[in-house]
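Structures for review follow.
Here come two complexes built around chain A, the first alongside chain B, the second alongside chain C.
Up next, the complex of A and B:
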């Protein structure tokens, strides 16, 4: 379901990456986008999302930009996180996606 | 009208239609939650379509936060009446209220999302106005 390449990032300056499948029925539509940005904003780390491992990357703290990604159900959502609380941020975001944003 | 006490930026929704204003507020509450002071006003005092300065002032009072208030408006009079309401505020509050250049429904949800994370009034306004960027 997801792979966290956290081991290679002992230094916080190296971005952490992970991915997870969007399991909730409608994908990253309005309500999940709001939940994702609210979750991302709780952390100081830079958090970005993408639909492909090579990007393009979108600021996960911008609700407008996250909604514009229009990620459908079943899409693989990639995360790129950098910052001192990056690990915790990634764990929280992956939990949110796995949980279907509370609506699956 | 609804409200929740917090230090987060308050959101005021002003529409010509009370139904639109109330519906937009419902969307904010359901999608964003209760961490944001929120108030709406819509319609003229007789129950028809329109906006009125007194109603807007009342909504600003309900949604007031030390962090400020962001107002989302629909068309024409909603904007000019909101600007007039801001002008009528006590001087120490005037600088902490902004009328956003954003669509009323989407802007309200986005502004509230930004506010719920503890963002400043400037960040809340910028985020809502990204829709037209």
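Up next, the complex of A and C:
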């Protein structure tokens, strides 16, 4: 879904985007938020999340801001990633969501 | 150095000797520096201190408790949390006000969430707010109370008491305070000697090293001379020997001098209170105070946690009746994220059953856990602060609904007997109008509401007297209603353990008293002397 512009993104500032459904039982609350932000912080890329494809976008490295999104179970979570290690970051984040943050 | 003698009021009996820990009063407002740079540095240091404190706690925890602490640390480490506060500080707001305003706004966002998982995090945010505020106000963490220490303070809170380990002895000396406060109640339950109202504690900058606390006489001696100390230690030895004799008799039934059998039940706050206790010392448990389950600052306890705790208590009782009181929050027992902050008079506000009916999601979770636990013994469920029959009726409907839902899912459950705590004069006066399975008189609040004298105000402590004829008349009226309706009436307030009142209480017709485990031996010995 994002491979087409992945190589371009590493040279230009065009961000990568992807989306995934929150399958863990309680949505993006305390523990999942901590896991998401810990994962995001491992990458240099700018990583943002949103509940709609057009935003508003929230810094995925801030647990305070991620918690303010109050994303419930079943919600579609959108990612926008920009930076040299963006592709790896997106893959790691999607894997985390698909895996239900290890608590599905 | 000269020894200092202070006289106050006895709040919890017993003698204690130990090193002194002076606690600063948390409610004291900090002086602001007026300098934005210094204020910002103070807030930064307080946040870092609170973060380190929580990180230290994680070491000792695992599972869900560790997850929540980790979440709190992640929130505190995130600059986004305090950025608004630092903005306000640079505009001239004192650090504590800035932090409180920003966190209160964040907390409001959680409290108004539709999803209950987000709402439940409110308590974690309140805890973060208060930890940082305590550091800004110069109050060190409460865990600094070492086992065996004598705590000297202006006043203190139940959470500070509960954070310390009292099994190794120790005692409490308060400049202000009341013998009817919740800390005093906890101190009596744990057998920690306590003296209140000794007046200002001033040491001219040199706090005392050692203290002798006499919780029977209501006196304290700081930095005693060697001979004073050895005399005191001699008294402690004699007192322990006398206790051992009374303890040996406490497994026998309580019978008055004229042959009436009195039922003696236990008041407990947690299953830990029953550790090493022989169930034979009592006829059951008359009061389990469940609000202490909600005080761990780890959010509201879930159904499984509650069920586990209730079941452990029922298992211990070995088929003896166990009365569990539903959450009695509010008044002087605030619970972050649940009770209302800033009520003009919390004792006349949304507390006890009123709060439970206003927050049915918390109440129903507890009812569900109770109905599931009821299959493991003889469970009675008691509703606190009931004033009118419709409150009991609404609670019963909620219990019915939870039981029906559990049965529909095939989950094992049973219907506990549902009764009321009689602590509002309106309920005592019209007790026969309530379709209650039992009545349990909460004499602390009944005395407070009848005498219009607060439990926590030392200046009116003398008025807060369960032995007053007006309070005894309300007790007698409740006993009469119970007799007419053929249901049990017990008394579970502090008055039950006050042996000066035993004769007057039995004269009202009461035949069931509920006291802390440590008071059983003394109560039974007193009952044996009562003649009509």
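Keep in mind that, in the parts below, the second predicted complex is superposed on the first by the 92 of 104 C-alpha atoms of A that agree within 3 Å, B and C clash if a C-alpha of one lies under 4 Å from a C-alpha of the other, contacts with A are read in each partner's own complex, and residues count from 1 in each chain.
Definition applied: contacts are C-beta pairs under 8 Å (C-beta built on N, C-alpha and C of every residue); 3 or more make two chains touch, one makes a residue touch a chain.
In this text, all values refer to a predicted model and were calculated from it rather than measured experimentally.
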Kindly say whether there is room for both chain B and chain C on chain A in the superposition, answering fit or clash. clash
Scan A:72 for contacts with chain B and chain C and give back first, second, both or neither. second
With the two complexes superposed on chain A, say which partner A:29 touches: chain B (first), chain C (second), both, or neither. second
Touched chain A residues, chain B compared with chain C: C
For A:41 in the superposed arrangement: first (chain B), second (chain C), both or neither? first
Determine, under the contact definition given at the top, whether A:64 touches first (chain B), second (chain C), both, or neither. both
When the two complexes are fitted on chain A, the stretch of chain C hitting chain B, from 4-12, 112-120, 130-138 or 274-282: 130-138
Which chain A residues contact chain B in one complex and chain C in the other? 30-31, 34, 37-38, 62-65
Residue positions on chain A within touch of chain B in the complex are 30-31, 34, 37-38, 41-42, 61-65
Show which residues of chain C lie in contact with chain A when the two form their complex. 67-68, 70-71, 74-75, 78-81, 106, 109-110, 113-115, 117-118, 121, 124
Chain A residues touching chain C - in the complex, by the definition given at the top: 26-27, 29-31, 33-34, 37-38, 59, 62-65, 67-68, 70, 72
Over in the complex, which chain B residues touch chain A? Could you list them? 30-33, 109-110, 113-114, 116-119, 127, 130-131
